Structure formats: structure tokens, C-alpha cells
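Below, subunit A partners subunit B and then partners subunit C, in two separate complexes.
Coming up: the complex of A and B.
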């Protein structure tokens, strides 16, 4: 019975993890840019939902619809204006650039929102669903389903749409894609915009569940890293699988080895994957 | 008159050996984590120190012998990095030539920096170090305003034992960090001493985002008393996740977050009936001999300046500074050895409570209050002298 509960906890947590990682994985896989800003984008999305709810009564689920286009534009502009200038540079330089931008963003949030921890409290709360012996908070459940839907939509976009195929083509072979008439800088900007969109849209989901603070970005970023390596870079199904796996493994890790070692098991798994299947569970040269 | 003060200034200048500025003003060094993860704590400390400096200067300064001297706090940022805290303390003593020192934040950093102040024989007051290991090094120049951790868990266990006899099964979940873990271990001792059964004791890692697994296990143990430690972030997340798992218990205690308004705001209705303990509470009613006077006067001065109620961290910072003032005035001099002796011999009432330091330098005279969040406000339930309401049992989801 306890096992069922732990499994359910892990799956729901994993759904959130998938959502955290999908955009990060996409940007890393396609642009070869490690976007340190990703965590802070999530936090900013969280603040948008927090103030939207407290000041204007906008439900966090509705905030997602507002956040998505805003963050897409923000990401697109950022890529066009700054990151594109460095895109051909070695990966460490773009990492440094996004690291610097992250310092600016997180300190800006610190100045604007203060260091107070805040929490979005829904009134009335969404409550808890009971399924036999298993209890499941509705906000987590809904957030997980939405997260999976968002991730699924990203997957469909990449697999079916024209721009999605262009993104995949650029990921597979930039020169060949350019020769086929794909405008690479534009595809890059759209990809970065999509990555920012995924971060901004997961912010409101996470704001319902975790406290929000301006310096909370690195925690999300750390999870995104692990999930990408587990699932395979640049693969949306990989991010989903990696996220779910990480959630479940952390849950059982906490049960078997105590909560202080919740992440021990997941890092052991990470090392094993790196040794045995360095491209990740679903990673491959092709995409989507 | 004007000529006289000019003469006095010239005379003072002529007598001064270490620069005129150092003679006119009492300088106290404060190494603080002004940037980095602990920056919110540094802001609290600064609010306390600054409030005192303002109050002392407004009153004409600190009385040293038969003259009055203004005060100044000299801040150095150690970026939430303990080794740098030690360097910062040394810089304050050797380069900034401060007369006295406050310890850096928390038990760990205070202990690390105490060897520096001992080396230079600079009287140092730690405003935020409770662990006994900070004070057991045989140092003569270190003093602290927090009583040992067990003074928080003992009265808490007493009152629960007395008012909730049915409480038998205790579950403890602690952040794996110096203070949160130390207080959890004291709790375990206090509970066992009273015949309670500790059915769960686990630690969680710093930076843990999700407590669902640990809480599922706690729920399976059906405890009567859930005792969780950590900082604001941890305990906001944990309280919410307890509700997510439909966990209820007669008693839920969290240390240290519920003393902060921020935690109450961030947990909303879920904060109701959560108990906690701290070294001080604004509801205390002491009639002090320090610059602030009564606890009420201190709380009012704090509210006027910051538009918020002081918490125990802010009050402790102000108290540390006010205690320095008492010691300097008693010693009648800025001589470090004399001020140190005045601190060691101190037995005074302050807005913070009675101040008397034990042989190790740690305060022994405080009786930390137990409080409970009732109707969204921290409400003192113990000791009886300052009790605002009776303890309520039952924490729901």
C-alpha cells in the first residue's frame, strides 16, 4: 500500500520534472546551447502566476496561456539579439553568456520581488483525490497532466509541422539544412523561443506546488540537467521518460535509503547510464 | 563654547595614537552574508544592528567614562561563504580597526570566526549561534545571546506532556544542516526523556524540493506529534505537502520558520495551530536597563522604522549591540579586556530578557517562549508570565 503511494508520488513528481526539462533539452539538443537561464525563466513564470492570481484573480492555469506567448517572444528576442552572435563559439562561451544573463535576471527579480519566499495559495484549494489507498493532490495531478500535454504538444509540433521539421533538420545537420533553404538563425530563434515558452509555462504549474523565490532557479536547472542526460539530449520523449524515471527513482530512493539519500539512487543511475548508454535512454542522432 | 570644543578636538587629536576617527566613534565590526543564499538573514541582522546604532546615537551616544561617543557599525560582506567570514573578521580587526566584533551568521560561521577574535582578544557577541559546540572551546572573548538548543525543546515537550497526555508517537524530520539537525536531536532526547516513542527520525538533504516520500512514510506511522526542522523554504514546501497527503496530527511543530511572518503568509490557513519555539517573542514583557528599555518600546521603535514586527533574529542582533553598550558603560572604557570582564560579569535586565552569561560565554538566563500560530498570528502559550492564549491541539489539512 505504501509502495503504491510512493509510486504515485513519484509519477506525479516525474510529470513535473518532464515539463521542467523538455524546453531545456530542446535548446541544448538543437542549438548546442546550455541555457542556464532556464531555471530563472521558470521562476519568472511562477511570479507571473503569483501576481496574476493575487492582484487580478487570474487562475494559474489561465496564466499559462498568458505566459506562453510572452516567454516565446522573450526567448526569440534574446536569441536574435544576443545569443545568435555567439552561436558559433564553443559551448563554454554560450554557457558563460547565459550564465551572465541569468545573474542579471535573478538579481533583477531579487530587486523587484525581494528575497521573501512566496507561495501561491488557491482559494478554495483544489483538494485531494483519493483512489483506494492512494491520495493524490489535485493540483499536482492537474499540473502533471498539463505538463505532459505541453510536452506532447511540443513533440507533435516537432514531428508534424513545417517549422518543427526544420528544427529537427537543423539539429541533424546544420549545413545540409541551410543548403535545403532552411533559414538557420530563424530556426534557432524559434527553438530558443520554444524553450523559453516551455519554461515560462511550467512556472505557473510549479508555483502552485513549490514556494517561489528569486534564487530558486538553480534547483530546477539541476533537475533539468539530470533528466536530459537520463533521457537523451534534444529528445522530447526522452525528457518525458527521463523526468518520470527521475521522479519515481527519487521517491523510492527516499523510501529505501532515507530522504537524505533521495537523490543518491538517481545519481547512481545517472552514472550507470553515462557508462552504459552515454547518449541517454532515448537519445539518438535523429530527432522526434 | 565653540572655541572650547575646537580646543577639545585638537587635544583629542594630539592624544590620539590610532587616528582621530577611531577615537571619536565606537566602531563595531559585523561580518555578514550580505550576498548569496543567506542574504535574507543578513538583512535581518542589519536591521537589528542599525536600529540600535540609531537609538544609541539619538540618545547622544554611548557613555564612556565621562564622555559620550557616537557608534558606527562596520559591515563586511562574506558572500555566504564561511571561510570568507573568517577572513572578513580578521580584516575588520586588523585593517578597519574596529573596537569590538559581532559574530558572522549562524553557529558554523560564528565558531569558525571565534578563533580570530580570540587571537586578537576582541570581545565578540554572537547574535545567532545556539549550538553548545560554538562555546565549548575555552575561549574568553566570545559571548552569545541564544541559549542552548535544548532550552527550546524542553519547555515544548513539557507543555505537550502536560496538556496532551495522549501524545505518544513522535515523528521527526530534520534538514541535514548544523542547527536544524542539532535541534532535532535535542527533540529526540526531550521526547524520550518523557517516555514518548520516537517512531520516525530521518534527515533530508539541503535543497530538497519534494518531501512527498518521507511524508508518506510518516503518515504510515500515524504519529501524534510531527516535529520538522528547516528554514522557510523547506517548511513552506513541507507544510503544503503534508496537506497534499492528508496528514493530520494533534501536534505539529516546526522550527525555525513559523517565527517569520513570511512563512505564515506563504502557508496561509495551513499555518493554523502549528507550534514552534524561539529565543524571544515580541509579546515578551521585560523592563530593560538598556537603551531600548522595555520590550514594548523596542517593538514600537522597530515597527516605526521598518513597518513590521521584529522576529527573534532581528531582536537578537539589536540585543547584542545593546549588551555591548551596557558593558562599555559599565567598564567606563573601550579597553577590550575591561569590556570583556564587564560582559563576563554582566547580570542585567534588557528588552531581550535577563542577560547573564555562563562560564562558556553562552547566555544562561533566558527562558525561550513556546508559541503557536493562532488566527494567523504567533501566539505565546508558554511561559505563563507572558502567555497570550492556551495551547490548541489538532493540526488539520
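Coming up: the complex of A and C.
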């Protein structure tokens, strides 16, 4: 019965991972930019939830509604002002650019919030849910369901809405999309805004479970990388599958090899997938 | 090539005079600058010449530091331990290169970035051999005075930098360098025309690993103490890239100019903005990428930059 519990833990973790990766994967797939800032956006979203709860008593789940538009505007502006200038530059330059921006943001957070680890503790706590042999804290479960809902909403946006179809069109073929009347730079900025929104919105969810530290960004970024490669680039279902898979692999890896090897295990998995199936489990070739 | 060698010999000769000034501060700064120079020149083999966005510098650096330190723990003499560390990084780069260099663009960048993380985790958990998170103390050098030690490590780093420079000068004017520039411009075409792209890329990767590994080992002996988050710091990879970008990718002197300039800027920033120095560093990187993506050497050598693709 231990295995059932481990599987449940993995799936809950994986749902959150999917939400982290969906926005990152979207930006990478559409703009062909690896957004190193993504991890720090998540942390910033976490701080927003923390201070919102401690100072104003806003429930972390409610703070998502505040975080989402703020981060969308932030991402939109950042893309328009800086990243759009380098959009056609080689990989190395765009990577270095977002890395520089990340140094600025994470140092800013370090100066503003100090290096203390902070933990969001709900008062009163939500308790635990029991389903047969599986025990799960309700806050984790709720965070995971909300994460999946957010990811699902992104999927619907891309599949159904006008702007979503435009984003998918730009990902498939930029020139053809431009010829069909899509304003490509605007789509780029909106896509980057959506990526930032997903990061900012998953911050409060992760803050419910993990402690917040201004330098925690790279850990989330690493997860997003691995998930994108696992699931395939630029597709929401890919991020979903990759996220759930990584969550389960990490849970069982921690059980069998010890928690200190969880990171190594996921990276070994990453390198194997890169070598054997570089387009990802759900990816299609020729979309990069 | 002869002219470049002459200029370099003159420059290294001038740098070798620094210890005569005698101040410990300048010796430390000089040693750091030479180390940065080794990192930048090494990255230039794979990143500048072959055009592969490698983030593996931190991995090689940490691997070298720990190989050298562990070797000395088992009683290997210091200089021999440095050589062994270089060889370890070389062998590691060859194995890694065969696997990773089949990837391109973002995928290669990420895979190479991840290597340092994996090595750090492994070193962290192999407590018996490496001390794990507690770090590892190295035996103190036999020199009596602190000054003599500082001078010794300065000259060791100088020798390593000169060696790296000689290798990059030689590569630049050899068939290997020509092949690497072909790969950078169009890998498929280079392959079609009979360039053994796999061999060339792996050679570039090996060159970019070996000297960094040795530099890591010298650094470990210099500081007498290493710990995983320090020597596997991803900033080593980023700094190497920024230095080369600053100086001008693909050229022989670019990385050295970039290293000297970067260290000066870094030192100024450290001194004046200690609390926010990484933020200021980030800002510098952003401005550099936006306004000077081809480096300073591109200003003085317009003709050279016109040769390069796009």
C-alpha cells in the first residue's frame, strides 16, 4: 500500500510541475526563447501570496487572481521592451539576455525580502483527506487541482480562442501566420505575458507546499526544462504528461535511491530522453 | 600567426612583471584574471569557434577542482595532481562530447548546463571521498611565506593561461580551427564537404574542458578549501560566455581582452555595490547583449566581423 501513497504523492507533485512547465514550454515553443526568468517569476508569485496572506489576510488561492494580471502585464512589457529586440538573435544571446535579467530580479528579491526561508502556514490548517489507504493533506490536493485547472485553461485558450489560434499559428509557421494577417510581434508579447502569468499564478500554489526563498528560482527552472524535454516542446498536453511523469519518477526515485538522488535521477532521465527521443514523448518533429 | 604570437608573448611578459610590484591585492587580482582568461579562452573553442552554446564550463571546473583535491588527499604531489585533473576533465569531456554534441541549439545548451548540477549532486552525496557538503580541505603548500605562496600560484596560473593561449592560437590557424569555423557557419554543408564534424566538435569540446579542469585544480590548491556550491557554480559558465562576448567570439585575443575588462568591471561593482553586485552584473550583461552583441573587438576590427555570418 506504500506504493499507492507514493504514486499519489507523485501525482500531486506532478500536477504542480505541469503548471510550472506549461508557460515555460509555451514561450520556448513559440518564441524560441528559453526564459531563464521563469523560475524567479514563480518565486515572486510566491512572495506575493506570502505577504498578501500575512499582511492583508488574502487567502493564497485568492491571490492567484491578483497575481495573474500583474504578471501578464510584466511579461508583456518585458517582451516588448527588451526581448523582442533580440528575438532573431542566436540562441546564446537570448539565453544570456534572460540570464542577465534573472540576475537582476533575483538580486532584487534578495535585497527586498532577505535570504530567509519563509513558509506560508494557513491558520486554521485545512487538515488531511483520507481515501482508502492514501492520506493526503487537503492544501496540497487543492493546490494540485488548481494547478491542473490553470493548465487546462491555458489549453482551452490555445485551442478555442482567436488569440490562442494565432499563437499556435505563429508556432507552426511564423511567415505564413504573418501573411494571414497575424501581428507577430504582438503575438510574441502576449505569449510571453501568458508564460509569465502561468509562472506568477503557480507561485502561490507552490508557496502552500514549499518554503519560499529568493534564490529558489533555479530549482523550478530545472524542473521546467526536464518536463519540456520529457513531454515535448510547446504543447500543453506534453507539459501535463511530462509534469505528472516527473512527479511520479521523483517520488519513486526518492523511495528507492534516497531523496538526495532525486535531482540526479531526473537529469539522467533528461539526458536519456534527449539522446533517444529528442522531440519528447508527445512532440512532433519540425515544430521547433 | 607569428605576429599574434609576438603580441601575446609581450602581453604575457608584461603580466609576469606584476609580482615585482609586490602588493598582495594585485597578485590576487592578477591570478583571478588569468584564471578567468583560461575559462574564457577555453569556452571560445566550443562556443566561439564551433558556435555551440556550451554551459559546461562550471562542470569541468568543479570536476577539475575535485579531481585535483582528491588526488592530493591520496598523496599525489601538487603539480602532478593538477595535470591529472586536466586529464580527468579531458577524458570526461570526450565521453560527454560524444553523447551531447549530437544535440543542437537550446537542447545542447540545456544538456550541458545540467551536467554541472548532476556532478554537484554526486559530489555532495559521495561524502567519504569528497567530504560532501562539508567541503574538502587541501594540504597547505610547502612554501614558507604567504607572499611566496601567492607568487607561486600567480605564476602557475600564468603558465596555464599561456598554455591555453598557445593551444587556441595553434587551433585558430590549423585545419581544426578552419573546420570548426565551417561547422559554425553551416554544419550540414561542412559535413557534406568532408569535414569530420563529430571528430572536430569533440576535439573542440575536449580542448574546452582540459584547461578548465586544470584551472579548477589550481584554484582548489590556491584556496586550500573547496565545496560543491562554490566550484560547480553555474556563474562560471555564464562568466566565461560573457567575457568572450565582451571581447569578441571566435578571435584569439577577444577572450583575453574580455577577461581583463570583465574582471575590472566586476571588481568595481564588488567594491561599490556589495549588496546588489549580482544585480548590477546582470544589468551589465543585459546592456552588453542589447548594444554590443559582437564584442569590443568587433569595433576595432570591422573587416573581421563582416566575414562572419549574419
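We take it that the second predicted complex is superposed on the first by the 278 of 288 C-alpha atoms of A that agree within 3 Å, B and C clash if a C-alpha of one lies under 4 Å from a C-alpha of the other, contacts with A are read in each partner's own complex, and residues count from 1 in each chain.
Just so it is clear, a contact is a pair of C-beta atoms (placed from the backbone, for glycine too) under 8 Å apart; a residue touches a chain by one contact, two chains touch by 3 or more.
Just so we're clear, the structure is a prediction, and the values are computed from it rather than from any experiment.
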Superposition on subunit A - do subunit B and subunit C clash or fit: clash
Touched partner set for A:254, first subunit B, second subunit C, both or neither: first
Touching partner for A:111 - first (subunit B), second (subunit C), both, neither: second
Which superposed partner A:28 touches (first subunit B, second subunit C, both, neither): second
First, second, both or neither for A:91, with subunit B first and subunit C second: second
Which superposed partner A:275 touches (first subunit B, second subunit C, both, neither): second
Partner chain(s) touched by A:263 [first = subunit B, second = subunit C, both, neither]: both
On subunit A, the residue positions that both subunit B and subunit C contact, one per complex: 260-261, 263
Sites on subunit B touched by subunit A in the complex: 37, 39-40, 43, 173, 176, 202-205, 207-214, 216-217, 220, 232-233, 236-237, 240, 243-246, 262-263, 265-269, 397
List of subunit A residues in touch with subunit C within their complex: 28, 32, 34, 82, 85-86, 89-93, 95-97, 99-108, 111, 218, 222, 225, 229, 260-261, 263-264, 267-268, 270-271, 274-275, 278, 288
Touching residues (chain side subunit C, partner subunit A) in the complex: 47, 51, 53, 99-100, 102-103, 105-107, 109-111, 114, 117-118, 121-122, 124-125, 234, 238, 241-242, 245, 275-279, 281-286, 288-290, 293
Residues of subunit A touching subunit B in the complex: 2, 5-6, 9-10, 13, 115-119, 121, 125, 128, 130, 135, 137, 139-140, 209-211, 213, 215, 219, 223, 250-255, 258-263
